[in-house]
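The structure appears below as structure tokens.
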Amino acid sequence: MLVATVFAIVKLDHLMTAVMLMGFFSLLSSCIFMILDAVDVAFTEAAVGAGASTIFILAALAIVGRKSKKKRREKTILPLIIVTCTGALLLYATLDMPYFGTPDAPVHTHVAPRYLLESGEEVGPPNIVTSVLASYRGYDTFGEAGVVFTAFIGVLLLLGAGTRKSGLEREAPPNVKVESMRQKIVLREVADLLIAPVLVFALYVQWHGDFGPGGGFQAGVIFASAIILYALIYGIVPAQKILPPRKLAYFPGIGLLLYALVGVIAMFKGGNFLAYGALMADPHDGQHYGILAIELGIGITVAAVMINIFFSLSERSL
Amino acid sequence: MIVGLFNYWIVIVLMMAGLYIVMSSGHLVKKIIGLNVFQTSVFIFFISMGAVDGGTAPILKDGFTVFSNPLPHVLILTAIVVGVATTALGLAISVRVFEAYGTVEEDEILAIDRDNREREISVSTVVTESSQNERDQ
Amino acid sequence: MTDILLYASLLVPLAGGLLLLTQKDSANTRDVISIITATILFLIILSFYPTVLAGNSPSITLAEPIQGLGIVFTIEPLGLLFATVASGLWILTTIYAIGYMRGANETNQTRFFLCFAISIAAAIGIAFAGNLLTLFMFYEMLTIATYPLVTHKGNEAARQGGRVYLGILMFTSIGFLLFAILWTYSLTGTVEFKPGGILQGHASPTVALILLTLFAFGTGKAALMPFHRWLPSAMVAPTPVSALLHAVAVVKAGVFTVLKITVYVFGIDFIADTGASTIILWVAAFTLTTASIVALTKDNLKARLAYSTVGQLSYVIVGAMLANAAGIIGGAMQIAMHAMGKITLFFCAGAIYVATKKTEISQLDGLGHRMPFTFAAFFVGSLSIIGLPPMGGAWSKWFLLIGAADAEQWILLGLLLLSSLLNVVYLLSIVGRAFFVPLPANSATALPAGTIQEAPLNCVVPLCLTATGCVVLFLFGDALYNFLQPILPKTEP
Amino acid sequence: MSQIPSQLVEQLPAIQLLLTLLAAPICSMFRNGDLSWRIATVASWASVACAFALLHQVWGGGSISYEMGGWPPPWGIEVVIDELTAIVLLLVTLFGALVMTALRESLSSIMRHQRQSLYYTTFLLCMASLIGITITGDAFNVFVFLEISSLATYTLIARGRDRRALTAAFRYLIMGTIGATFILIAIGFMYMLTGTLNMADLSERLPEHYDNKVLHASFAFFTIGIALKVAMFPLHYWLPNAYTYSPKATTAFLAATATKVSLYVMIRFIFDVYGVEFAFGQMQLGTLLVPLSIAGILVASLTAVFQDDAKRLLAWSSVAQLGYMALGIALLNANGLTSAVTHMFNHAMMKAGLFLALATMIYRTQSSSLASLSGIGRTMPWTTGAFAILGIGLIGVPFTAGFISKWYLVSGALDKDWLPVAVLLIISSLMAIAYIGKMLDVMYFKPAPSEFAEIKEGPKSMLIPCWIFALLTLYFGIDTRLTAGLAGRVASNLLGAS
């Protein structure tokens, strides 16, 4: 099914459908993640891949138009050769791979066992993914927050949400998508019903990351999607009235700083950077609160960034 | 062998399809879609690596002892976010490209640039501040 | 003490140059500084003589840019001779240049003297270089420092000349010289100058042949044909620069490099054994003959002198390539003798230009009576270049001929003699014109016969001094011979 | 050293990164560009000081390991600093800080204040991520920071004045992302075989898999991916446009650091993770790298000679110079590697200086075409003076840093008895004379176009960094303990590790 979807994308010239199919593809892969026991990843992929990415691309498409031109002939041959070579190389590699699902593959025997066996003791949260993400490899996650922040700054620098006066003050000119949706009462009702629970759900995901799947990233994206939904239905201008981009622009920085601050405090307390154990007298408590704090930092950053990017992209089409 | 590696093979097909879209498509946004597909397939590959037969999600609960490997999950969480960040930036750039050129087809852009260069050489004027600067003011 | 002086010898010209910059606005102070710097440098160089005569060769290491390879300075007779020539003539050139530049109203005089000072520093660096790396570094520094001098006038001709100048010198030095140095380094693991050479036992005759050829061609400053073009092109520069190029530093640095490489890298025994010098020997012989013939055809005075230089330089190369005692001594002496002679000639050419604005030989008719000192000096200089006693040039030519005879190169001997004959023709014909052909009657500047109209004193005095120098060198030929003896392997036990 | 609390010294690796990374969000919050600039400048110079302190600690050998989050490797992420790291750190911070100092003046004419502060933020992020890449000892962490730096770089480039900057940035984004994903695949394969991501741990565990096809594929993917990032010929396609259209002083920073850090990653992985024996013995990297890099050197140099835009010319020269470094690595002997590492530093310094000097000129002329730069030697003598020194350095004339690296490189080739390679290198140096000479010729001798006849010397805040670059070029041409001396030790370490 995945394969079919992808080939459809390859063939399709109508971008709108391609995007939809891409979203579908993401959704399918998140199901696969689910089957493969990667609940957190599935969650994120559904929210980010199927949700955020798709919406961004749609917003961009609203600006640049939806048709892709028929490809010329010479452009297909070289890519095909490269792709075939790369594919062959990959196939060659698979021949020596440990079979799928084998428990004694090196992946499962070297580093992972400590996470599985001792993270409950050392870090605390039952969700091992959270432990690894936030504590063992907290530095990676810090970098990841940095990536999001960088993308935000980049988009802001290039498109500049809220830096144009027009965003708030100008009357929204007739926009097909927004207009049509505003008139559809059913949609509106459903949306009204949805937005509040989604926001609440986002908060739940945020705090529940310790125990079940979820955490800052997912929560941030979900929170953002609620706002985006609102913006889609009521139009961007009212949404920006609630969350003025000028103010919103501070939040990614604040989130990142919050994350770093936790690490720095740990340093002042005599530990290494991001060594939450040093935060409090009891390393366990330290880990617990440290993880909570950084998850919050990530949540703030991600949510603010996603909303900002969406505003930036859709503002341009006004 | 076929069963053991089947999963990987599918992933490879997906990956290559994504890569093909990136390289063959002239439409900038479609390139980004391709990039997304390509990356997502790589994610599936990573996750496949971490799966264990009979395992369960790596959440500690009484009664479960076999978990899938959490490390790839963490890596892929990171990678997904990196992916969406790249997508966002790529879109921002293509929107700007559209505003500057009026098109997002690669060959049309190239043609416009070529025209410009020829004109530049013939008139040899100094490049004036671009439209972007005006926008900023 | 010697160490400090050695540092000083490099720093004095640089410091002097910087000092010049501060005195941009006051021409007099600036010129005085130039002269004082030059004199101090000369005295420092002279102070090395007792040490070297006593058989010592002090050495210092400045820095070590490449592991195991430092910037090393060593004083030995050959280098000291070159340094003496360069620094001594610098004083005279400075005095002359002040007169010339003011007389000709040149612009950017401060930059001119600054670059001049840097060039001298580079020349001293070359003279005292203790290994190939150091030598190469200062060699390039000299090229770059002289470039603004060559293009001093800043017009299209200067630019063209400068381009050829820089192009050829950089091309040969990086293309051949650097390559040869690196090759030597990888063959022997060292690039130090050692009496008796370092290549012995490391290179086969073929490799030695290629290497020596690379070295000789790589030293573009030695102006071996076909890489001599830069020298005539550089003639666009003001005359003091020509003097710098031809006598004081640049070409001398070139032949000095070849000589030094022959003696201290290859070792003359090694060259003699392997016959590595065959190609270059004949190229040099060809160059010296051809250049003399070309010189004959040139009407522009400076161009003729330039080709004369090309020819005379090849004498040095021939001396080096003969690879026997008399050849080396002759070559080394030729450096000093030619420097003294050629600088005289250039000073004269400049003086003529400043006084009468004439540049072509055919315009010189009868000027001998109007500028007696200048042309007398020109005559003396010519004799020295030709190699007639009682001028210094006689010694070097004499030793070179002996060297050729020793090596039993009879054809070469013939060529050397032929070339000397040509020298007679192309140099003395100028003097002859000036003294014996009457002034053209229609000359607009015609003045009553017997009126003396010399160039400014600043110009005339140095050229008289250098002319005298030519004679004095003849008297000291023996002393010079003894001084240079230590560089020969035969006296080494 | 003893006065400083030992705790601070221990935390230096983290501080190194945090200085710039934390300054970035702070900067983004100010709408006042000047204030942001001050913060950014202070942060970057503090970062330089930090880099020096780290260099001091590892000087003469030895390495520092810092456990992020307090978890021991391979479970946690380790930060490792040895001499090679320290020199690259110094390169990134020092040249970054210099460019940052000059950046304000350069930007003031083209951007509004608020935009400026965002721009500084991006710049800081780029610097921070490059530092992150350099110091990390974890393979996946490299990927994360590589992405930050890439995103920041795309943004920096896309802000160019010309609209072609946008297409250049987009092309770079596509190529860069493919490259990064390839690297990710390579890391995934390695992880699959060993179950670890820590570099030191990897290098211990990989040898037993040398015959494994997965490792072969991993190596191939890594090589292609990183070669894209390094812009190694023939994957250099994105570089000339990206450098040509990126705004003003930014090019100086990118040219100095981005590709160099990628090259550093390449050295790290090839020598320390995969191992020399595997990379060069089994995978025959040498047979691939040597002809490609030589072809790259020659083709790019030749292309540079025929450019009539100064920025584009220098960009092509960068491709050629990267070829020198790649060749140095491929020579696989002490001299070659020394040359690669030395040239990494030297070229970063010279190219950054050149681009900065060029930016100063463009500041006045608004164009980088050679025609509009003609005669600038007279109107802006100081800037052109610095440019000339740096250009001469790039050719590799003695008394400049360029000479040192070239000496080692040719020695390395001769050590292997590769006479033709040495000859080709010399030929490419001659091409360098041609293209640098061409620019200097125009700058000094062509008459200035009438509209630029009256332009003034560049602003001091740009001029001084230019001259610092120029003087450093001269300094490192004579005293090379910091560059070649250290690189020599690094080279023997890398080779010894095999």
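Labels A, B, C and D are assigned to the chains in the order they are written; within every chain, residues are numbered from 1.
FYI, a residue touches a chain if its C-beta (ideal position, glycine included) is under 8 Å from a C-beta of that chain, and two chains touch if they have at least 3 such contacts.
Just so it is clear, the structure is predicted and the values come from calculations on it, not from any experiment.
Chain centres defined as mean CA positions place D nearest to the mean of all protein CA atoms. Simply put, of C-D and A-B, more C-beta pairs touch at A-B.
Using mean Cα coordinates as chain centres, the one most removed from chain B is C.
For the pair chain C and chain D, the distance between C-alpha centroids works out to 44 Å. Centre-to-centre separation of chain A and chain B, using mean CA positions: 14 Å.
If you average the CA atoms of chain A and of chain D, the two centres end up 31 Å from each other. Centre to centre, using the average C-alpha position, chain B and chain D are separated by 25 Å.
Residue numbers of chain D whose C-beta contacts span two or more other chains: 115, 140, 144, 147, 151, 154-155, 158-159, 185, 191-192, 197. In chain B, the residues touching two or more other chains are 19, 28, 49, 71-72, 75, 78, 82, 85-86, 89, 93-94, 96. Multi-chain contact residues of chain A, defined as those touching 2 or more other chains: 90, 94-95, 97, 105, 107-108, 111-112, 115, 137, 140, 143-144, 147, 150-151, 154, 158. Each chain pair that touches appears in this list: A-B, A-D, B-D, C-D.
Per the touch definition, chain D reaches chain A in the complex via residues 7, 11, 14, 18, 21-22, 24-26, 28-29, 66-71, 74-77, 114-115, 118-119, 121-122, 125, 128-129, 132, 138, 140-141, 144-145, 147-148, 151-152, 154-155, 158-159, 185, 189, 191-197, 205, 212-214, 216-218, 220-221. Taken in their complex, chain D has these residues touching chain B: 110-112, 115, 140, 143-144, 147, 150-151, 154-155, 158-159, 161-164, 166-167, 169-170, 173-174, 177-178, 181, 184-185, 188, 191-192, 197, 365-367, 369, 371-372, 451.
Within the complex formed with chain B, the residues of chain A that make contact are 2-3, 6-7, 9-10, 15, 18-19, 22, 25-26, 29, 32-33, 36-41, 44-45, 48-49, 52-53, 56-57, 59-61, 63-65, 68-69, 71-72, 75-76, 78-80, 82-84, 86-87, 90-91, 94-95, 97, 99-103, 105, 107-108, 111-112, 115-116, 119-120, 126-129, 131-133, 137, 140-141, 143-144, 147-148, 150-151, 154-155, 158-159, 211-213, 217, 302, 309, 312-313, 316. Those residues of chain C that touch chain D in the shared complex are 62-67, 71, 136-141, 144, 151, 154, 159, 163, 166-167, 170-171, 174-175, 178-179, 182-183, 185-186.
Taken in their complex, chain A has these residues touching chain D: 89-90, 92-98, 105-112, 114-115, 135-140, 143-144, 146-147, 149-151, 153-154, 156-158, 160, 163, 249-250, 252-254, 256-257, 260, 263-264, 266-267, 270-278.
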